[in-house]
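The chains carry the letters A, B, C and D, assigned in the order they are written, with residues numbered from 1 in each.
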Amino acid sequence: MSGEVLVTRDLVAGYVPQVDILNGVSIVVAEGEIVTVVGPNGAGKSTLLKALIGLVAPKGGSILLAGRPISGLPPSAIVRQGLGYVPQRENVFESMPIEENLEIGLKPRPGLGLRRRLDAMYALFPRLGERRRQVAGSLSGGERQMLAMARALMPEPKILLLDEPTAGLAPRFVDLMFEQVAAVNRSGVTILMVEQNAARALAMSHRGYVLDLGRNAHEGAGPALARDPKVADLYLGGLHG
Amino acid sequence: MSVDFWINVGVLAGIYGIFTLGLQLNAGFIGLLNFGQAGFMAIGAYAVGLLVVDFGWSLWLALLAGILLAVIGGLFVGISSLRLRSDHFAIATIAFAEIVRYVLQNAEFSGGNQGVLGYDEEWRTLSDWALAKLALIGLGDYTQLPLFIAVWLAFLVLLAVLIVLQGTPWGRVLRGIREDEDATAALGKNVFAYKLQSLAIAAALAAVAGFFVALNVTFLYPSVFDPTFTFFGYAMLVLGGFASYGGVVLGGILFWTLLEGTRLFDTALSAGQQASLRFIIVGFFLLLLSRLRPQGLLGNRAEMRVRP
Amino acid sequence: MAGSNEAGKADALQPHGAGTLRLSRPVLLLLVIVVLFAALVALYGFDATAQATVNGLVAGGYLGLGAIGLSLILGILKLVNFAHGDLLVAGAYFTILFGWLGLPLVVAMLFAMIATAALAVLTEKVVWQPLRQAGAGTLQLFLSAIGLALVLRFGIQFFAGSQVRTLGADIVSSITIGPIHLGTLQAVALVTGLVVMAVVGLALRFTGIGKEMRAFADNRALAEVSGINTRRIIDVTWAASGFLAALAGILYAVAIGSFNPNFGVTLLLSLFAATVLGGIGNAYGALIGGLVIGLSQEWSTLLLNARWKPAVGFALLILMLLLMPQGIFGKARRRS
Amino acid sequence: MTAPAGPILEVRGAVKAFDGLLAVAGASFDVERGSITALIGPNGAGKTTMFDLLSGFGRPDAGTIRLAGRDIAGMAPYRIANLGLVRTFQLTRVLAGMSVMDNMLLAARNQPGEHLAALILSPGRSRAAEAAARESAIGLLATFGLAAKAGDYAGALSGGQRKLLEIARALMTGPSIVLLDEPMAGVNPTLGRDILDHIAALRSARGTTFLFVEHDMDVVMTRADKVIVMAQGRVIATGTPAGIRADPAVVEAYLGTPHAVAP
């Protein structure tokens, strides 16, 4: 295994003083991997991503990005350190055209060259290139998700965090979206993803973690974890939906 | 000087207390940012003055007409502007109050900046009668005492009525609308009708306050009804407490004691600077209280929310 | 931004009445202006109408520039900055202060704009940022804004007095172009206003910071996780707001000639009218809105006594809120 | 009043556009009386907009909506609620600054004390109605396990409890049809099952109709009698869960086969 891009140790976080949503989460993402975090509603999956990007201030534990602590930094600084984040909802600038969305994405690292990064993104997501002047608010759900990913990829992050990339998509487009995620990964991007659609997400992941009540419950190789009947019974419920 | 001075402060506290009851009913209990209260007060006061002076009405009949006209004003503002989001509604009500003031200042019928004079004869008669009675217990020298008594009597009666109303299912609907008007509408309540009622009652309260202002200043001129006075009302509200009628009483007494109390200090400042200083103090009140204790002294933080 | 709207095969939302809806309001506005102008020419003659129009453009300059900051702050921070009118006043009085310290007038004006920008940033640091962090609601923000407005207005009055003042520039010389008479200073105010308007519009459209500001106004949370330094954007917005407000105040002082510390509060509702007219948060809209309000107020002097001018502004504000709360250039937002 | 036959809700050709974009593009469907009906479809299919149109929070640009035979398209939300249709919201909207009991009492219908004139003229009737409402509120709160919380501020409840309160409050109005917007979102699986059990029990006991939006296909397939599928603002299929699963149009537009072909 190559270097560890992202490591959390005993991460504790919550939105209000008394209540912690994360009660000690430890995960490792190595370079080039797709790692998926699954778990029931309220397990703290989205909160984990928000803590990593700095939207929720961690109360305990540590977060290392390429060996450097990022815990407690504001989101803009964390993005500059090389973390890309795609929120689940409202993840594009609706009033702006696709190309301006991508331009905003490059703000943390303008030195990479706008033209070069735009071309790279349009190669990865040809559909966006066809519609570069179209206002993002008029895109379909799947296209928005692609634009949101491309925006987060503009500054060449060391790792991309995806918060339920298939939420709300028609089931028939779910596989397409997962294929897109796999393509991004093949292009050399490390991915940490949170998903409700546990079976399919784990099947395409190198490794997976199961969270419950804000703690690590299980971990293992993705496909194996997806097939583990104990995990399925306890946490995943509708694996065959 | 001192007793007369504090009686006057009491009169102001009572008048603005009545005025602010309406703001409490709007901002505190149904979540309406009514910033046009000074405009309703102006309508009430000018109606009284003009009906008595120009049309020879009785002062008391004119009071009723003034209340009615202010309510009509409230309904007009409400029907036209209630569907706006809360901050736009606030701006629209300020604009309404400014239009009222501009009309009074510039139109022929209202006497412009010369104002309206000579409407309070009936009150003087009553006041003299009261002073004669007060003289029997040795209080006959305090000429503003009858007004003080009348104002506070009215204030306390209106306060009691509103407290009782707030405890009824009607009051509960108001609070539901304050918390979330869509959810309340989804439960079958006619949000618009309740907001309109709340606004109309607030306008009526403003008209009563305007009546007492007219008696207190003895002649009416437009700048008495500057929007700044609505801001004073809100300063009282935020001081005493949101969603609490008791807070209006406390806020009124504290606010006017503190504000007028500044007159008692000898300073090297010019009269203009002293006047400015009073407004600066009010400004700091609003800033500091909004920041440090937004619910006010008697208010309940859980009940303090206005959504956009 | 018009933006092409090709129908995508997989689009859940399909275009409907392609673009006509979006174009119609500005076009309608232009039409109304042209028709009104023609009507006024017919009723009052070309000379009087042209004079009122030029006066309206002068007023539109300072109203438009004054409204930009109000609109941006309202759009980006969701804050009804009631103290904005007093920033205009601060600009004029800082100019007097720096002139009194011996600086030449133009330099004093520039310093005044910088000082007002600093003042605006200061209010952000001292008042607004802490309030936002405390999760203040609409009412708290509104009351704080009123409190701040009172402190600023009467603070200026405390030090400078409430008497009428001038900037001490030459107010006598004038230009005559055909039937139109214009004070030299008014002409300067007109040209400055229009030029700065164009510069601001272009800056928002094409510069990096302009795009970041628009992104921030569009979706604040997303801007933050996209790596935009939102603190910086907020500070820049306040600085620009203060700077342009001061310029607007100075242009007002120059064009009108004399003023007292109350002129900001008098202009405030007209500035709100311009903001709402242009669509909240839309800087171009604010500029156009300012021009429309300026024209309306000056044109109204052909019909009514000039003393009703401010009331025309208030009435337009109420009308706009009632008839077109999303403004000419704003979009009707879908309820979430 | 005897319940007339026919569907409780009939939607025909409903259209709603925002800024020129069609969110609902001519949707038609029925909801049968006493059924538990699921409304499914991808994000942007128009489900929430449809809920808004049904409950009066939006006026359709075209089309008719009939509730028990009566056209309610464009009617104010409070009037629709008083005709027996209540809704919950996707993000729970309890009245945080009021007690749990006040949340419930506010939902009671036919309270004369809510009207100033009636309040002043006959305070006795108001008190009687209040006592009756309190009694049925206590019963409903007990059903949903919230009896102990009656005096607390609703804002102090946990996320799951708020969801329960919102549903209990909707039932307090004595509705004939309840619209639930993602009742399972943000609640843990155990509580989610409880909510679904309550719904089933209430349908059996009172004959209340339920229409709900849900993304979890397992829940839809096991709990709904009927399923309505929306895509791109239109209803592309209605039927039983089994029928929907086999419907080629639904498979094509929404469910997909294990090896979906790229568009």
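Going forward, a residue touches a chain if its C-beta (ideal position, glycine included) is under 8 Å from a C-beta of that chain, and two chains touch if they have at least 3 such contacts.
The structure presented is a predicted model; accordingly, all values stated were derived computationally and were not measured.
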Path length in steps (a step moves to a chain that is touched) from chain A to chain B: 2
Nearest-to-centre chain - CA centroid comparison: C
Two chains joined by the most C-beta pairs in contact, as defined above: B-C
Distance between the centres, which are taken as Cα means, of chain C and chain A, whole angstrom: 41
Chain B and chain C: spacing of chain centres that average the CA atoms, whole Å: 32
Euclidean distance of C-alpha centroids - chain C vs chain D, Å: 45
Chain D: positions in contact with at least two other chains: 21, 42-44, 57, 231
Per-residue multi-chain contacts in chain C, two or more chains: 5, 10-13, 15, 331
Contacts with two or more other chains, residues of chain A listed in rising order: 138, 140-141
Footprint of chain A on chain D - complex, ascending: 21, 41-44, 159, 184-189, 192, 215-218, 221, 231, 251-257, 260, 262
Residues of chain A that touch chain D when the two form their complex: 40-42, 138, 140-141, 167-176, 237-238, 241
Touching residues on chain B, where the partner in the complex is chain C: 27, 33, 80-81, 84-88, 90-92, 94-96, 98-99, 102-103, 106, 228, 231, 234-235, 238, 242, 272-273, 276-277, 279-280, 282-287, 289-291, 294, 304-308
Chain B-facing residues of chain C, complex: 78, 80, 127, 130-131, 134, 136-144, 146-155, 157-158, 161-162, 269, 272, 276, 305, 307-308, 310-311, 314-315, 317-318, 321-322, 325
Interface residues, chain A side, partner chain C - complex: 53, 55, 74-76, 79-80, 85, 87, 90-97, 100, 103-105, 107-108, 110, 131, 133-135, 138-143, 151-152, 155
